[in-house]
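To keep things simple, chains are lettered A, B, C, D, E, F, G and H as they appear, and every chain counts its residues starting from 1.
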Amino acid sequence: MDRRDMLELLNEVATGVTSPEDALAELHADTVSDLGYARIDNARGLRQGVSEVVYGAGKTADQIAGICHAMLGAGQRRILITRLDAEKRSLLPADLDLAYHEDAQLGIVGGIPEPDGNGTIVVACGGTSDLPVAEEAALTAEFLGNTVVRLYDVGVAGIHRLLAHADEIMHAHVVVAVAGMEGALPSVIGGLTAAPVIAVPTSIGYGANFGGVAALLAMLNSCASGVSVVNIDNGFGAGYQANAINHL
Amino acid sequence: MDRRDMLELLNEVATGVTSPEDALAELHADTVSDLGYARIDNARGLRQGVSEVVYGAGKTADQIAGICHAMLGAGQRRILITRLDAEKRSLLPADLDLAYHEDAQLGIVGGIPEPDGNGTIVVACGGTSDLPVAEEAALTAEFLGNTVVRLYDVGVAGIHRLLAHADEIMHAHVVVAVAGMEGALPSVIGGLTAAPVIAVPTSIGYGANFGGVAALLAMLNSCASGVSVVNIDNGFGAGYQANAINHL
Amino acid sequence: MDRRDMLELLNEVATGVTSPEDALAELHADTVSDLGYARIDNARGLRQGVSEVVYGAGKTADQIAGICHAMLGAGQRRILITRLDAEKRSLLPADLDLAYHEDAQLGIVGGIPEPDGNGTIVVACGGTSDLPVAEEAALTAEFLGNTVVRLYDVGVAGIHRLLAHADEIMHAHVVVAVAGMEGALPSVIGGLTAAPVIAVPTSIGYGANFGGVAALLAMLNSCASGVSVVNIDNGFGAGYQANAINHL
Amino acid sequence: MDRRDMLELLNEVATGVTSPEDALAELHADTVSDLGYARIDNARGLRQGVSEVVYGAGKTADQIAGICHAMLGAGQRRILITRLDAEKRSLLPADLDLAYHEDAQLGIVGGIPEPDGNGTIVVACGGTSDLPVAEEAALTAEFLGNTVVRLYDVGVAGIHRLLAHADEIMHAHVVVAVAGMEGALPSVIGGLTAAPVIAVPTSIGYGANFGGVAALLAMLNSCASGVSVVNIDNGFGAGYQANAINHL
Amino acid sequence: MDRRDMLELLNEVATGVTSPEDALAELHADTVSDLGYARIDNARGLRQGVSEVVYGAGKTADQIAGICHAMLGAGQRRILITRLDAEKRSLLPADLDLAYHEDAQLGIVGGIPEPDGNGTIVVACGGTSDLPVAEEAALTAEFLGNTVVRLYDVGVAGIHRLLAHADEIMHAHVVVAVAGMEGALPSVIGGLTAAPVIAVPTSIGYGANFGGVAALLAMLNSCASGVSVVNIDNGFGAGYQANAINHL
Amino acid sequence: MDRRDMLELLNEVATGVTSPEDALAELHADTVSDLGYARIDNARGLRQGVSEVVYGAGKTADQIAGICHAMLGAGQRRILITRLDAEKRSLLPADLDLAYHEDAQLGIVGGIPEPDGNGTIVVACGGTSDLPVAEEAALTAEFLGNTVVRLYDVGVAGIHRLLAHADEIMHAHVVVAVAGMEGALPSVIGGLTAAPVIAVPTSIGYGANFGGVAALLAMLNSCASGVSVVNIDNGFGAGYQANAINHL
Amino acid sequence: MDRRDMLELLNEVATGVTSPEDALAELHADTVSDLGYARIDNARGLRQGVSEVVYGAGKTADQIAGICHAMLGAGQRRILITRLDAEKRSLLPADLDLAYHEDAQLGIVGGIPEPDGNGTIVVACGGTSDLPVAEEAALTAEFLGNTVVRLYDVGVAGIHRLLAHADEIMHAHVVVAVAGMEGALPSVIGGLTAAPVIAVPTSIGYGANFGGVAALLAMLNSCASGVSVVNIDNGFGAGYQANAINHL
Amino acid sequence: MDRRDMLELLNEVATGVTSPEDALAELHADTVSDLGYARIDNARGLRQGVSEVVYGAGKTADQIAGICHAMLGAGQRRILITRLDAEKRSLLPADLDLAYHEDAQLGIVGGIPEPDGNGTIVVACGGTSDLPVAEEAALTAEFLGNTVVRLYDVGVAGIHRLLAHADEIMHAHVVVAVAGMEGALPSVIGGLTAAPVIAVPTSIGYGANFGGVAALLAMLNSCASGVSVVNIDNGFGAGYQANAINHL
């Protein structure tokens, strides 16, 4: 149960639709569902405004399904599953009613809600090859209730492609800048806007890119000041923090 | 001239105290002061809400003084100089009227303004040795107009010291979490709050800490979701990003 | 022949059930079985209390079977085979009577004995994905005669899940703390107990986790004092040392 | 107040020498002394059996003195200060009554107690140059109440020097093995004893030793099973862990 | 004797001012001056068009002086000494008649000649702190006979400062792009011009810049195609390569 | 539309074959074809003399086909596709009329033009295993209109094989030197010629070659002065810059 | 044609069996067979005493066959092919008459000659998993005419297994010491013998062994003096140098 | 007492000059002089033919003097002290009668003996800056009884300087090849000779040479076959290994 669901529940209590006792039972506050292989933190929505997200890598399809059922049983309405590859997705039970985004390797149960953030989130990426990570960020932000503007293939070697969208960048509430190779995009964007920039290095490239390390280091050393960085290929993390900033 | 100064100026125009022509002259929009060794970006305040900050390392005292005088001449009222060591500070001309914070290696011209951010910024650090970086973050945030709550020496090996301040953390608008050694502080804090957490690894430690790399990697791999990271020992960058978020 | 077997044998000598001559023959002291591709150290049990363990990776199924048969022939009653993948296990001869634990990639010949250690060993891990390494540690410790308490999915981003088990941690004789990503678990546990903590970094994660290096460095730099570290994914090594400590 | 002091205090209560009320006041349980730059965890002795140790690097002499006075004021009788260089030591106030060990860079307030551990701790090192780290380990263990046997300059390139002491190694309760360069000492020792071996890589060497990384990696990859590792040059951590094991 | 000197000499032969025999003696073709500690390659000018340059680091002042005197004795008219720090320069004999550029740590004997390259070389750098490396490149190129246009402090975080000089960049024959921190400058410049871009990473920055590695990797992974890279801080190498291209 | 096409078009305008209006329409200046997953920079030929090249890795066959069709639609006559593996190539539509070079993983649409560069480009490589990268460089240079001389398997361990071709090297306008393992080829070649040398490290080798890092570092540290370096295995980048130099 | 063949040929000339003219023709001195993809250095036997060896990795089966046929055509009697995997070997033409050693991934044409070295070469390895690399070294040495003594599975964690063979080690002319994991074997052997020790790190291990880097660094930092090192898994290089030493 | 001394002693016994009993006393076989901070391995000469060498770094002048006196007392006639800086040397007692070589940082007690090796050892180095390491190798070899030919400043960028000495290289018994920067010298030399080549990387260079790592990797990946490598700057190790080979 996340921020949005709780607000709705409290409104029902306020209007008498739901009794305080029933509401309390639904809140599942402070409970942990212990599945043996996982302890689901049902109260995370209370603490952090966002329910636990399922990290699909390193879990079997059975474990993922078990966790999802436990979450739904505890009253959660929407579930995000990250790093879910197509093969594992095909092994999930049909009753989960999962929308699958193969490029971003994301599964979404319960659909994407109406956006209710303070502004728009721009997700920009340097090249076509960075698209999967950018989509992971964009879909995560949308899942959490944000309006997202996508600016793809605006790498710095053709700077006019980026400058053509300076307006959208300047009016964004948060910018997620995704880039592989030399990872220069966040620095240029950081110089164009007062909004915080979340930089996401991708593993796109070869040779001395070292699986994204080149872009990661570039972003950590950005000469633009309002830039912070998440892990290589961590589109989810960027979308998540952009949401946190956009819902303050 | 930063966001605050410009707002004041526009109010003066609105009330007739200053004519539009005089205001335009003061805005210095789109001008660059070319000192040969530096091109001062006088319009940065217009674009980003914060005027250019002087990075003291790798510049001579003469260059720093020259840049400051040019900025003041272009109408900037407050200047922040980072990475200013005590020896270089002693070589700056007295007329700069600089307040010097030795622990944080910061010089401030023009004083710290009244805070006008949306909420409070918590700056937490793991150990006494991380204090200089934490102070760099805290003073930067205060210089940019934010209320800062300091929580120092709350490392995770004595978790009760941190949990005793769970309340301040939960009510913060942004948290800057500074830690060396294993860099675990942002992960624990990230699990306690819905606010974005800016993590700052420090170079404190020895051996396999590799000048802060251990903490940097830990923070990039944080299992808590709302955490992004700045460069090692980059307290300034964290304070700057926290300000951007706190002024949206 | 390990510590336990030798004690039993010496009791038989003391009670006249076995003659000293027969016992000597069974001890195989100072003998090495040379199989060409391997020299089995039959006297290791005498020196170290634990017989040689078979490292399955990099050996063919035939080599593993040959080594096991030689060990059984030399009087060893229980054999532990580590890093044994399912395919290689399927190629082992049926007469070995092997119990196979696929998650931990362990094969056990001769079963798990009654525990006879001084206290309990807690094996804790941060997330569901760390479970295989944690199981390798837990099963190794059980194979060597220890009582093991498993605390899985107690990562630091939901610190209350760990604190709920503070009691078991405080009463443990040794704690094995297994974690990937930022590897912060041993630091927090190390602050809660006087018992030695053996930290095991796992390769779980992506990007800048560098196959477990992030967690390894974090653990080596732990700000908690009673923490020592084994190799990445080395659940066996942690279980082995925990046993050594628990049998002092 | 550590394990030893508390036991004494409880005996005084049991015999009526001290009233329960006075004892409670002395225990300082759950209190934290907040000095601004440091929060002293006075209850650490209750939780971990060992009081907080002062890490001298990165603290000023004034901060160290302040922390020591606060600890003494809170009833602690003995204080260990690590990484205390000779210059900083000379700036500490005389009333601290500090015994200083320059080779190990340790300061000890209140003297070394009678040993009360279960067995002996062997501290072995490979070469003369590793001596400072070995001494840090040995003195830490003695400070915490252990009997220490020193075996110095027993590197593996002259294996007979080590084998001449096989007896002491086999009868140790714990072995701390300190080595720089190729860091092979713990592997050879680990093959000679059933006791747990705590390996300490040192930064001694040049070129491709990379400040101790060569020895660190060797120790993490030890082919002997009962070996765990602490940070480079972390003699303190090894002595601390050896004490924990020796007092179970 | 370099390209220029040889051309002059050959003209003298053609016009009878110098006899072929005397010219041959002056050419010193295929001779090596063996000073014991150095073998001066007098024929390098014949093979490569540029005489040997003296790398000052790791040589004593006496060795540098000896090499210079041997070169002058062998007919060389101009000598470039790189990595010559101020202290070593002060120890050189006065008769060398050296012009010293402290910022670039360059000594020049015999002055800078008239430029005779095919076009202009633009030397651009990101920040004031990169100036010493940029000057090393610019002065090297001038020493070798090129017209140099300096564009300093045009980092990508204020992209308009760079775009204001797009014209000079587009009309350059070669561009040397010098940058520290995230090293993005060559990528942006590479997208603006058809000329080859020689990228020079500098060690300017801190933390995860790792002494210039961040910028180096960024430049090797540039998404702009016409970019090649020299060693960190190797302004000399860039100036030399730019000269080779500008004199084809 | 690249340099060559544009020149032809302008000639047509000059001779009245094409009207200025039609020419303008064909130039597609300043237009960007936005395909959603890619923004094609149609004006790159105007700015850089070379049209955009398609980087095949990380793109689907459908995306590659879409981009090619858009480029052809915008008037481009020849397209180079790099990093195109055989499987992806087999999925491209037949109407693209692609010539495929499997060793170099290059696809070429529209054929290779007559060379029109200033001199020859020598592409040399150390061993047979470096051939794919050398071919990528050679074919790229030929695609862009250059005469290429191939010198393969001339590694430095049999220096006479290289010296036998000293003549071709000395008369080259540019040399591309491709080598794996210890990467010494560019240093030896750099000492033989006045022409600029573009060094390409390859990932050929094993163990401590670290995927080409050994060769990369060797090349960056070349003691020969006129050497600059591109990314590991980046034959394309070297061919591209060699073309830029050869067309100045 | 290698040292041995040439000696035989010269003897035939001395005894009139072969005329000087025919012998000259057979020597192929200074000739290079240019196959396009390879330049075979037929005179290497004259210069180095050992004919060129074929490195199988990165070459196609067709290229390998072509090179072998050219070598045989140029009079070479025995050919060694390294890094030849089983699949590629199956694609080689039958007429090559190749003996294949799968464990060592070696193919040998023309058989192994009688040994004619000055002494014996000991090849020792730490564990069963290092056997393939040790066999590559041993077979290379035998192919080049040396007597080899194999000591396998004598790792330092069971030091008595090694000491039991101290005699063979002390009487060796050269020792090749092969080890993965912590790579300590060469240090211990180096302390037992006056003969030169060639150390070969293997990639055996996991986690922080980093594909053999741990063993490599340990060997480079060996505290024993007469140890030099070849590349990770480079059994061939060690066998080759051992042969050079054994034939001085 | 080394090989040479022992031979002399045995000759005295054979001729009755010394009695067997006196000889035995002088041999000090199997004794270890325990100085507390060092255990001198007096029998090393018996085992390895070379007495223990004193590694000066990390030892105080007092410790060095103590060790030397103990060695002299145990009958050793010549002592080599490595890594002895000028300051520490000035603190050694005058009675040691030490010859000091500042460039190589070597101290020699007892002088250099007549050479008695099988052939000559060539020590070659790339540049003047590598001279200290080359001298450490050359002097070590001379101290151990070898004839040394020095070839300095023969780097591969002026390959003719090296080829001019091909003769000396081809006739050497062993070659020590010392180089910094790209470390290509051993590869070129290895292709010119049948003798074993010991490669020594030096830390000379800057930027991406990473303190000698670039040269080290190049040497480990040498495409010439008879090359093995010692640690960065380890001239002593190379001289020692060359001696072992030259005295077989």
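Heads up, the rule we're going with is that contacts are C-beta pairs under 8 Å (C-beta built on N, C-alpha and C of every residue); 3 or more make two chains touch, one makes a residue touch a chain.
None of the values given here were measured: they were computed from a predicted structure.
**Student:** Which of the two pairs, B-C or B-E, is linked by more C-beta contacts?
**Tutor:** Most contacts of the two pairs: B-C.
**Student:** Look at interface C-G and say which pair in G-H, F-G or B-C is its repeat, using the rule that over half of the contact pairs are identical by residue number.
**Tutor:** Among G-H, F-G or B-C, the interface that shares over half of its contact pairs with C-G is F-G.
**Student:** What whole-number Å value describes the gap between the mean CA coordinates of chain D and chain G?
**Tutor:** 49
**Student:** Could you put a whole-Å number on the gap between the CA centroids of chain A and chain F?
**Tutor:** 38
**Student:** CA centre of chain C versus CA centre of chain E: separation in Å?
**Tutor:** So the centroids are 61 Å from each other.
**Student:** Which positions in chain E are in touch with at least two other chains?
**Tutor:** If we look for residues of chain E contacting two or more partner chains, we find 127, 158, 191-192, 207-209, 213, 216, 220-221, 225, 231-232.
**Student:** State the interface residues of chain B toward chain E in the complex, per the touch definition above.
**Tutor:** Per the touch definition, chain B meets chain E at residues 30, 32, 36-39, 41, 44, 55, 57-59, 63, 83, 201, 203, 211-213, 216, 231-234.
**Student:** Using the touch definition from the top, list the residues of chain E that touch chain A in their complex.
**Tutor:** So the residues of chain E touching chain A come out as 126-127, 155-159, 163, 180-184, 187-188, 190-192, 205, 207-210, 213-215, 217-225.
**Student:** Quick one: in the complex, what on chain C touches chain D?
**Tutor:** On the chain C side, the touching residues are 3, 47-50, 53, 118-119, 170, 173, 191-196, 198, 216, 220-221, 225-232, 236-238, 240-241, 244-245, 248.
**Student:** Using the touch definition up top, name the residues of chain B that touch chain D in the complex.
**Tutor:** Against chain D, the touching part of chain B is residues 127-129, 131, 152-154, 158, 160-161, 164, 204, 206-209.
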